[in-house]
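One chain, chain A, appears in both complexes that follow, with chain B as partner in the first and chain C in the second.
Take a look at the complex of A and B:
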């Protein structure tokens, strides 16, 4: 059940292996979206029999299911089979605002009652979801989609960094051999003139193993090329190499595929 | 003669040892290798290292600085696993404490004490930056402290904090992206002299400084290119840039719709019927 073959081949050629654990950062801009890539990561990991916990902060789960349907994957069926655990933040926020939820466990309680650690309850919710897999030492993928959305709720970048560090710690709690318990996938939004989102992304890049950015073209829009797909890999096991390796591709989203190609080799150019 | 001081600082041959050493990097270059190189040098000459880790789990740091290679010479403080106390782990350091409280004193015999903060930008998430600067100043002034190494991501903290750290530090190493990696080194000698160099360096897999050479730079290397022409040129297969002559010709070009004014500007005003227009100067009665 591999969705995008060209993405899989590109990641393999760059030495990126999501199954090895660590932190994978995906960034999108106002004119590009990482939804297709997120669906690809989820389906690839499910194909490898790994568990997936998906925390959706800017879209509903239905949105991803619709994208999955267009790309030929039934995410709703996988959710009802228990292979994917979904935490829908928009629904939880709606319940908080409608005051139909118990504040003791409400991850958005900080909106009504200021807290020194506003994301503590969200972390506890995620930890409870992952605990059965942690106890059985079963590998999982934790996806935090739209982490920059939390800035819109009045949180500071420091709160988000603390929260991501704790989530990262959950994936580091492997067995004694040092094997990772899971992979943390974080999706951020990058806006050139927004300092807060830039700080959030910069901080995460410092601790990520792989950083994939989906950037729009500097020169405008194109029918044949939807944007740049840039892979940055810094091997944390080789600290004497100070600079990450960078591979630049261009991509085009098709009906059921995400095509990657070398810059300047789009079909319209050739 | 170009001066090279990075090797002296990283190999501990600079005398006296800089009391507070600031090492900064950014999202496109990592300073962790330089940090480990410096600490291995300290450990190999018998200094005692107390290491606070906030951005990496202990087992990752111990891969490069392990107790077996330097038995009894290194003490770790775990500020990564539970910095806020959310998981109630007793063995972890809470980062809202002062630097003095974090680094508990221990008997090191005659060995000199080196303190490492990896990374200070994580501590900034938990404390006020002004208090942190005062804390670092007091801590590094202690006579029992040989060196405090502060590792920081330049793009993760407010610029004012970096400026304050720069001011406080006896030596600063700013890393920049490049192949080989480039750095700006500032060394403040006790006599008051400040040595500033730009250097390129490589590290060996055993974390030793392999090659360093001074480079002549008029400006600080920029972390990211803001030159849009260079960005465009890198992304296309046809030429979008202009030569100097083409740029001059383009600036000289007079567009057909532009009215040429030979004698400066002119204001043409036709008063309406309702306007009380006269030639008198309304400010005439002012004694200016």
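Take a look at the complex of A and C:
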């Protein structure tokens, strides 16, 4: 059920391992989107028989299901089977306007009444969702898609960073053998002229072991190349490696595929 | 390869629910239900139309002349299809927008063909019969035709389900953005438009929000962006995105982006909208007198086209777009440089070989026309 072959090959050759715990960061810019990559990560983990907890802040879950349908993966079915747990922020957010809301449950309570720890309730919601898997010691990945969208609600980058640290701790609550309970996957938006998004991203980069950035081309738009696909891997287990290994690819999104190739070898060039 | 979740190719695709909402049609590219913006050329740019559940952000031109027209087309299309409408503005009264919607006409006011018939092309004749627009959307268009010189009849706008939102000054304690969100939410509930309850829908809610973020909404922007002076505006947009995604609605928002000091603000708004276009009018700029732009009224920047329910956004065949306001209609076109027909630039057609006599050493016997 591997979605995009060239992405699988690239990640394998760079030694990126999603199911070994730690933090994987994906970043997108205003003209690139990590949707395809997120779908790829989810499906490859499901194929490994791991659980997925998906927190979507940017898109609806239906968006990913429809992409999955196009590529032959029935994400809706897997959701009802309980393999994927979805927390849809857009749905929760539309409920905050209801006049009678149970404020104890509403993670966006802080919009109306300022709070010292605004994301605490969201964390608790995630924790409740993950608890069955934690209890059974089953491996999961926790995907936080579009974390920069929280900035729009007036949160500070420090709040978001705290929140991510908490989520990171959840994935590190493994058994005594030192195995991780799960992997944290974070998707951020990076806008060049927006300082706060870059602060959020750079703080997460610091704690991540793999960072994949989808950058747009500096020279503008191209029909054959949609952007750069840069993989940074920092292996923290080896003490003598002090700088991350960097691989650069270029990518092109097709209707049902994501194609990676070495820089300068786009089909339009060759 | 495991069999988990893989779909048999023999399964029936999609649900065979035969709901047809007036003014909508399914997209060819994905399972989206599309609505028209009222301007066929804009529909074409958005990949056939504006999908239900999406936001179109229009960055206003400096004097808000043309962006208001885009909004009026959008609302008029809603009136014609008997959609539910909500109009909000603090800059002008919402009634003044709804009272001056363009009138529907049976045939497309076709000014371009007449003007072409009168002046035949002097160069590149072979393109005489080609339209400057791709004809593909001409055949499968689903919007109505409007005439800007006439105003829609009062009976028609009276019959339509229009809500004009005005700020409630008694409730000055809470900010105006939140009031508008609550009004939209109430509208969704009374119209039973939410997708969360799963009932079949028979109508679409059109939200036309004019000049959101202008100074009248409260001085939210400025030099103190680090203090989150505009957090109310971004919160509004995020909640609006949430509302629009969870109900049968389409939304057109115009914002005066030239007033925003901090570039980060418009980037945030763009990231939350699905389609973003920026109007750059030639009014008052030096481009007004530039002969290149003499046929047009402004540049139409397509800033963002979102890929909804698919991996790739609608593909455009050009990057330079312009809009043109004729007497009867507003269109978006590809930018074509005008042919330069003045006498000074015309190339010397004389053959250089012919004009010169041959080398003198050969005498005059050399034939003038060398036959190859």
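Simple rule for what comes next: the second predicted complex is superposed on the first by the 266 of 270 C-alpha atoms of A that agree within 3 Å, B and C clash if a C-alpha of one lies under 4 Å from a C-alpha of the other, contacts with A are read in each partner's own complex, and residues count from 1 in each chain.
Just so it is clear, a contact is a pair of C-beta atoms (placed from the backbone, for glycine too) under 8 Å apart; a residue touches a chain by one contact, two chains touch by 3 or more.
The shown structure was predicted, so the numbers you read here are calculated from the model rather than taken from an experiment.
Superposition of the two complexes onto chain A shows chain B and chain C fitting side by side, with no clash. Of the two partner chains, chain B is the only one that A:264 touches; chain C does not reach it. Residue by residue along chain A, chain B and chain C are tallied for touches, and C comes out ahead. In the superposition on chain A, A:63 makes contact with chain C only, not with chain B. In the superposition on chain A, contact of A:153 is made with chain C only, not with chain B. In the superposed model, A:221 lies in contact with chain C only, and not with chain B.
Once chain A of one complex is fitted onto chain A of the other, the partner contacts of A:5 are absent, as it touches neither chain B nor chain C.
Aligning the two complexes via chain A yields an angle of 100° at the C-alpha centre of chain A, spanning the centres of chain B and chain C, rounded to a multiple of 10.
Of the two partner chains, chain B is the only one that A:207 touches; chain C does not reach it.
After superposing both complexes on chain A, the closest C-alpha pair between chain B and chain C lies 12 Å apart.
Counting contacts by the rule stated earlier, no residue of chain A appears in both its interface with chain B and its interface with chain C. In the complex of the two chains, the chain A residues touching chain B come out as 117, 120, 123-124, 158-159, 161-162, 165-166, 169, 172, 178, 198-199, 201-203, 205-207, 217-219, 228, 232, 234, 236-244, 263-264, 269.
On the side of chain C, the complex with chain A involves touching residues 1-2, 4-7, 9, 30-31, 53, 181-182, 185, 196, 228, 231-232, 234-235, 237-239, 241-243, 245-246, 263-264, 267-268, 270-272, 304, 307-312, 319. On chain A, the positions that touch chain C within their shared complex are 1-2, 30-31, 33, 35-36, 43, 46-47, 49, 60, 62-63, 66-67, 69-70, 72-75, 77-78, 83, 89-91, 93-94, 96-98, 111, 148-149, 151-154, 189, 191, 193-197, 221, 253-256, 258.
Only residues 25-34, 36-37, 55-57, 59-60, 63-64, 80-84, 86-87, 119, 121-122, 124-126, 153, 155-156, 175, 177-179, 181, 202-205, 207, 228, 231-232, 235-237 of chain B touch chain A when the two sit together in their complex.
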